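Could you have a look at this structure, given as structure tokens, before my questions?
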Amino acid sequence: MRQAFSKGFIYILLTIGSLLMLLPFIWMISTSLKTPGEVMSMPPTWIPESWKWDNYLKAWEMAPFLRYTLNSIIVVIVSTIGEIITTILAAYAFSRLQFWGRDIVFAILLGTMMVPGEMLLIPNFVTLSNLGWINQYEALIIPWLASIFSIFLLRQYFLGVPKELHYAAKIDGCSNFRFLWSVMVPLAKPAIVTIALLKAIGSWNAFLWPLIVTQSEEMRTLPVGLTAFTTEAGTNFELLMAASSMIILPMIILYIILQKYIIEGVSKAGLKG
Amino acid sequence: MNQKPTLKDTLIGYSYLLPALIILGVFSVYPIIKSFFMSFYADYDFFKDIVHSYGFDNFIYIFQDTEFYKSLTNTFIFVIGVVPASISISLVIAILLNSKIKFGKLFRTIYFLPFVTSVVAIAIVWQWIYHSEYGILNYFLGWFGISPIEWLNDPKWSMPALIIMCIWKSLGYNIILFLAGLQNINPQYYLAAQIDGASKFKRFWHITVPLLSPTTFFVSIVVLINSFKVFDEVFALFNGRPGPGYSAQTIVYYIFEKFYNEWEFGIASAAAFVLFIIIFIFTLIQLYVGKRKVNY
Amino acid sequence: MEIKLTNLAMDFQQTKAVNDLTITIQDGHLVSILGPSGCGKSTTLNMLAGLYKPTAGEIYFGDKLVNQVEPEHREIGMVFQNYALYPHLTVLKNIMFPLKMAKVNKKEAFERATEMAKLVQIDHLLDRKPGQLSGGQQQRVAIARALVKNPKVLLLDEPLSNLDARLRLEMREEIRRIQKEVGITTIFVTHDQEEAMSISDKILLMRDGTLQQYTTPLEMYDKPSNLFVSQFMGNPPINIYKATVNKELKRVELKNSNVHIPLLGNVDVTKFPEDVIVGIRPESFVSETSSKELPQVSISINLIERTGRDTLLSGKIGEQQVRALISSKQQLGNVEELSLYITEFTVFDSETENSIWYFDGEGAQ
Amino acid sequence: MEIKLTNLAMDFQQTKAVNDLTITIQDGHLVSILGPSGCGKSTTLNMLAGLYKPTAGEIYFGDKLVNQVEPEHREIGMVFQNYALYPHLTVLKNIMFPLKMAKVNKKEAFERATEMAKLVQIDHLLDRKPGQLSGGQQQRVAIARALVKNPKVLLLDEPLSNLDARLRLEMREEIRRIQKEVGITTIFVTHDQEEAMSISDKILLMRDGTLQQYTTPLEMYDKPSNLFVSQFMGNPPINIYKATVNKELKRVELKNSNVHIPLLGNVDVTKFPEDVIVGIRPESFVSETSSKELPQVSISINLIERTGRDTLLSGKIGEQQVRALISSKQQLGNVEELSLYITEFTVFDSETENSIWYFDGEGAQ
Amino acid sequence: ACSSGSNEEQGTNSNGTSKQGTEKAEVTGIDGIEITEPVEIEFWHAMSGDHEKALQKITDDFNNSHENITVKLVNQGGYGDLSTKVMAAAKANTLPALTQAYEDWMTEYIENDFITNLNPYVESEKYGFTDDEFNDIMEVFREMNTWDGVLYGLPFNKSTQLMFYNVTYFEEAGLEVPTTWDEMKEAAEILTNDDVIAIGFENGLSIGFNQWVHQAGGQFFDEATGEFKMNSEEGKYALTYVNDLIQSGVARTAGEDGYMSGPFARGDVAMYFGSSAGLPYVAAPAAENGIEWSTAVLPSDAQSAAPFAGTNVTMFNHLSDEEKLAAWQYMKFLINTDNTIYWAQQSGYIPVRQSALDSDEWKSYVEENPTYGVAQQQLEYGFYDPRVKGAYAFKNAVAKELDKVFLGEYTVEEGLEAADKAAAKELGK
């Protein structure tokens, strides 16, 4: 009885919450199907009066989205994989290795999280242009191949891996490096997948940086395409929302695919105590 | 394993760090150090990179600027409003989502949606939610006899409006971090606690909370830092302005405006430096508390 | 609290961990579960605790069906096979945890916990975290935690496995004492037969998830219900020989050797099957007999091992291996052949492997 | 590989876990470490493995000082007290892991791993993850993983604690067999004296981090170096009595009771201190003696417990508690008083608690 | 991290304070330069959607008609993004040839010696304008691009403030479209009812408040002396007038609605003041909602005055002579009569040449789209925003104080006092 009651309570709570969460999303989809007039109407309508499916087509044609998509995919895949690798290595060093200056270096890197990213935009642009990377994939990818946020997150997770497993692996003749890849990484799968997901989404949605470091259409990524719907005097909301809906879809799918790895905890069995 | 590191250990350690260090060094540490120096340039040609004189002028300026104090105050209000609420709500939701429930996958996806959805869409929806005449928030408040609040037009309410939206928006992100952290807890302890007569709530309080502390620690540092740096949300919610009468101006907004709109690079750097120091102090406190309270 | 299990079963995907278990545990009894590794002991215990939901069958605590009762409402104490101490709490807090959950007031909880800690001899470690304890110390914390709240039912999963013999003895006596004193129905998983024999009211022996025998220790030792039980109990293990029954001469003849053992006393040989299995415990051999008439066999000795107070003889009866355990007080010297008496043995049906007859020295003169 | 420890010590913040340990373990020997829970057994093992760096002292493998050698280069196999299986790998992969690290080719690794799995009787579980195994099964995986790579040194921390008696016996014999066959120097932590006695070349007995005695099993049993050793060895424990030496009558007189035991045989009583402690093992009591002249005491019996093959008598000598273990074959009936012979006993200096004399039935006629 | 701020949508006024950093930009003998080798130059802009398409077409025409010159358009997002990008490029020495820029950006560029003195080009025999051609460009637009007699840019996409009104509401109330403040106030009181608020202001009301000061006959900022002038009788009058409208409930700002086009297209307001660039954003939804609407010139008080805003095209000065010449030719081409008409038709901005306004093509276009014809009527009394260095900070500081008046935190007098102080502080920096 009590059980059923509390279960029911949880469902009600979650459902109300998810309605709240769904609002913008539904709004987005619904707006994307409206006419410009309906977009402006107050109170807003949730169900479009006439379903303007061709908004999607129109939006798609407003910018070279195919090319943008390709670039986005390249940038997301390379920078995510790259970041995962640098993150795993660094998080391991910060969580399991002993070396001089470890804590200071970590503190300095942590400190970089405390400075607003807006301050870094221009110096980094200058660095990249000195390197001759402006308007190239290098500029889109290389500055984002490491993230202290991810390192910090993974370090926390690594710290939770029982030291006995490290011991066992050492006894089994496992070097640090192999231990990292064959034990730590599989055990930290939820954290690594989380990092990858957050990174992929961040990279997929990144706007200002790709805009600033690219000059040509051929190098630009999807979010840049969204500027096509806004001018100084107003925004074509229905087209913007149509394009936004199309853009977030791959990320939602990615999330649905990945969430099982996040939620599927790695068992800690095989250890007493 | 319990000894002072040797030279060899150090070399090994840094070889692991190297890739990340190069990238972060070049693209984070170096520009930050540069901009810290910039805050002491009293007279400076930004574009030609010529410093004509050094001094504390920039700091003197911001400490005499009432706008700066106001944005500091707003930022603190924001941090206090967002950090505890955001962390505790997302923790609870993460726990619920982590329990064996029907439609778990669906729920988890839904809760993550705001994080994926474009900020523009989110801001527009919230502008509607907050609408004094047509908004659903006032509509609900009306049920409790509360007369309509001018969330977005009244300077008194712009910070609360911003805070509510930011809590909401941060949930998906925090939830996913918590979900990942929850996987790190050995379910064995829940069983033991059940045997020991711990109710669901007590298990949450005595097992989940302490054993999740590494994640909570992480999330709270990240949320705190990000809250001190709030900017995008202000920009989006109030259509590119920091609220009516600059009532929701935050410190990063201040920095942004000084840097990009007013070309006051030194002042912007000085303000960023001050922000850094503030966050740094708070983080130190957190690290100190964390050392004592976090269980690995 | 009386505990009744009816047709209890637990299936993991591939494995039937527990199979159709029906027993009643009397109120206040201490029952040991014995059985080879992987036979379903922990699984049974976990079902009793409510940690696993049985895939079939019912569990009654007293008259109450508890299948649907959550563990936290079953008023049980449990020592987990892997301890499951709370890593973030000190030893003291670990022990106090169940009391805190039961809202016992702080002072009393502290007193009871320290008392318990003293009992298991870890009162000098109260401020440590579990990670700073040795294996045996952790196990003792687990025991203290299980006992401290005076549960209605106590479930112990190999609670003494990591303790040295002395401590083990002390602990088991303490457990037995408390259990008796308060009358807690207790289920005790152990792999140590001697332990099981010495503290249990009854022993439950399982194999591959299936109940083999559920009875008092002595009966299980003396009158195993089947070959498996007889082989499982006793250390070193019982000697087993295939044999045929010679109904005329009223004796069993061991296969592959011309050794035969008379079936003395009151026995209806006619009901015996043709093929049987004879089980003789190593300690059922004696070199000297006071007066009775006992079967006698000759053993060729390969190895003499003295292990403390006993001497283990390994050798052969005919072509078959035999181990005999005789008192170390017997001076053997360097013998190669020894004639020994058999004081007890059991006969099993070789097909069903169930026991059909026990020779216990009775009926022999 | 010969292993030499000199002045080895390990301090945790508050605890001296191991203290000034100096011993040599001969190449190919199997040495058991025994001692009460928390005495430093696992710590010693971990230092040998290189997992803890000793706070003082040296460890030599052969002639080589290995203090600075990382565990992965020490060529050891180890079973951890808490198993430490890789939770994300299947049983097979767990066992194959050391071979993979040693770059053994896949096929061979697979074969060796399955063979090892068969040996520890888990070959039907190869595809499971550790989380789906029973405690004993996990422990066996850990054993297989430690043995599979034929290490130079084998470190076993209570490797059999969660196995049933039968399997335990089998496993320890397997370990012993492999160890002998390949000549691996092995260190075996156990809390089971019988186990230690039966498979060790030598036993190392520790207490509170300090070495008590390091010698062969029988010698340790028969000739404990001090009171603690004598009390630690043997189950049920040795009976201990404070006594005074009557040098004239050449006997010890137990305090608080008018019981006295003659010091038979060749003994220089003059060197004995005034106050001594007398230790008599329960199994050193016999009810019947063949011919020798032995000390005899009268025991008033409180409790007769039969545990399998033995019968435990609890009672009193004078005012002192006593436990005697006699063969179950002796029919006792319902006696209240029994006169028993003492076959062996040890005398300790009551101040230093070191042993000063052993009576082993010799010298008695 | 952000998109453009609405603040930048206004231009800047005033010349004066900038010193003439043009010595080296002095190009002699421009006539002697020939473009014989292929030259490729970039033009950074913030035009998107249909605007971008129109710009592309003009550019293609240019590229096709000019051998050896290729102009490459680079869209840099919104104006804010564009500004950031220029800043970054300036720092990295990777500036393009041309960019769109507001006047107050140009003030900064001049200050940092980024952009080219165009006078020699204008005067060039071979490549320049004739006097007629040059004067054909609207005076206000020419002035906007001139600092101390030096021309630094040519106008490109220009818009002004208009009054949008709901025809139905006015007809129902039997009202004429107001042309003076008094009429407007009267009309407002009549038009306001439970469902409708008569007057709407965009959120930039206080940023663009100079419009009202000018109409009241006052001065917002004195270009010659660099002084803030609003704290005057006229300023006080204007502020009181607007504030009264708001406080009495007959006027409102867009506030939570973001842009006034929304409430207007819903019929929530009867008239509003907004940019001519917003015409298409009103047209579509209003048509759907069946709102009948039109535009009119801004009502006046002591005088007529209309602010003009929008960007210009300016040339950076790190280029080779050939590149500069190519860029110049493109700038010229961009606003020749045909192109400025084409551009205006496609984008809704105002043609920048008198000849364009006079052309039949444009006239017939305006006949078909009468709302597009209003803006040009204001050209004769057009003015532009202060262009002083630090203009952004200065305007913002003043606006913040004015906002406090509208929010009821200050009285008009207090507001003006505070604005004066804030202005003095910013201008004194």
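Chains here go by letter, A, B, C, D and E, matching the order in which they are written, and residues are numbered from 1 within each.
Operating definition for what follows: contacts are C-beta pairs under 8 Å (C-beta built on N, C-alpha and C of every residue); 3 or more make two chains touch, one makes a residue touch a chain.
Nothing here was measured: the structure is a model prediction, and the numbers come from that model.
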| task | Touching both chain B and chain D: give me those chains, sorted by label. | result | A, C
| request: Find the chain most remote from chain C, comparing centres computed as mean CA coordinates. | output: E
| said: Counting C-beta pairs in contact, which two chains come out on top? | reply: A-B
| field | Chain centre separation (chain B, chain E; CA means) in Å | value | 37
| Distance from the mean Cα position of chain D to that of chain C, given in whole angstrom | 22
| Approximate Å spacing (C-alpha centroids) for the pair chain A, chain B | 16
| message | Report the inter-centroid distance (CA atoms only) between chain B and chain C in whole Å. | response | 59
| note | Two or more other chains are touched by the chain E residues 1-4, 84, 87, 91, 259
| request: Note the residues in chain C that touch 2 or more other chains, in rising order. | output: 70, 81-82, 85, 135
| So which bits of chain B are touching at least two other chains? | 1, 3, 131, 188, 231, 256, 260
| note | Within the complex, chain B is touched by chain A residues 6-7, 10-11, 13-14, 17-18, 20-25, 27-28, 31, 42-44, 85-87, 89-90, 92-94, 97-102, 105, 108-120, 123-124, 127, 142-143, 145-146, 148-149, 151-153, 156-157, 159-160, 163, 176, 190-191, 193-194, 197-198, 201, 205, 226, 237, 240-241, 244, 247-248, 251-252, 255-256, 259-260, 262-266, 268
| field | Interface residues, chain A side, partner chain E - complex | value | 35-42, 62, 117-118, 121-122, 125-126, 129-130, 134, 207-208, 211-212, 215-216, 224, 227-234, 236
| field | Residues of chain B defined as touching chain C within the complex | value | 188-189, 191-199, 202, 206-207, 210-211, 213, 295
| said: List the residues on chain B that touch chain A in their complex, please. | reply: 1, 3-5, 9-14, 16-24, 26-32, 34-35, 93, 96-99, 101-102, 104-105, 107-118, 120-122, 124-126, 128-129, 131, 133-134, 168, 171-173, 176-177, 179-188, 200, 214-215, 217-218, 221-222, 225, 228-229, 231, 252, 255-256, 259-260, 268-269, 272, 275-276, 279-280, 283, 296
| field | chain C to chain B touching residues, read off their complex | value | 49-51, 70-73, 75-78, 80, 82, 84-89, 97-98, 100-102, 145-146, 149
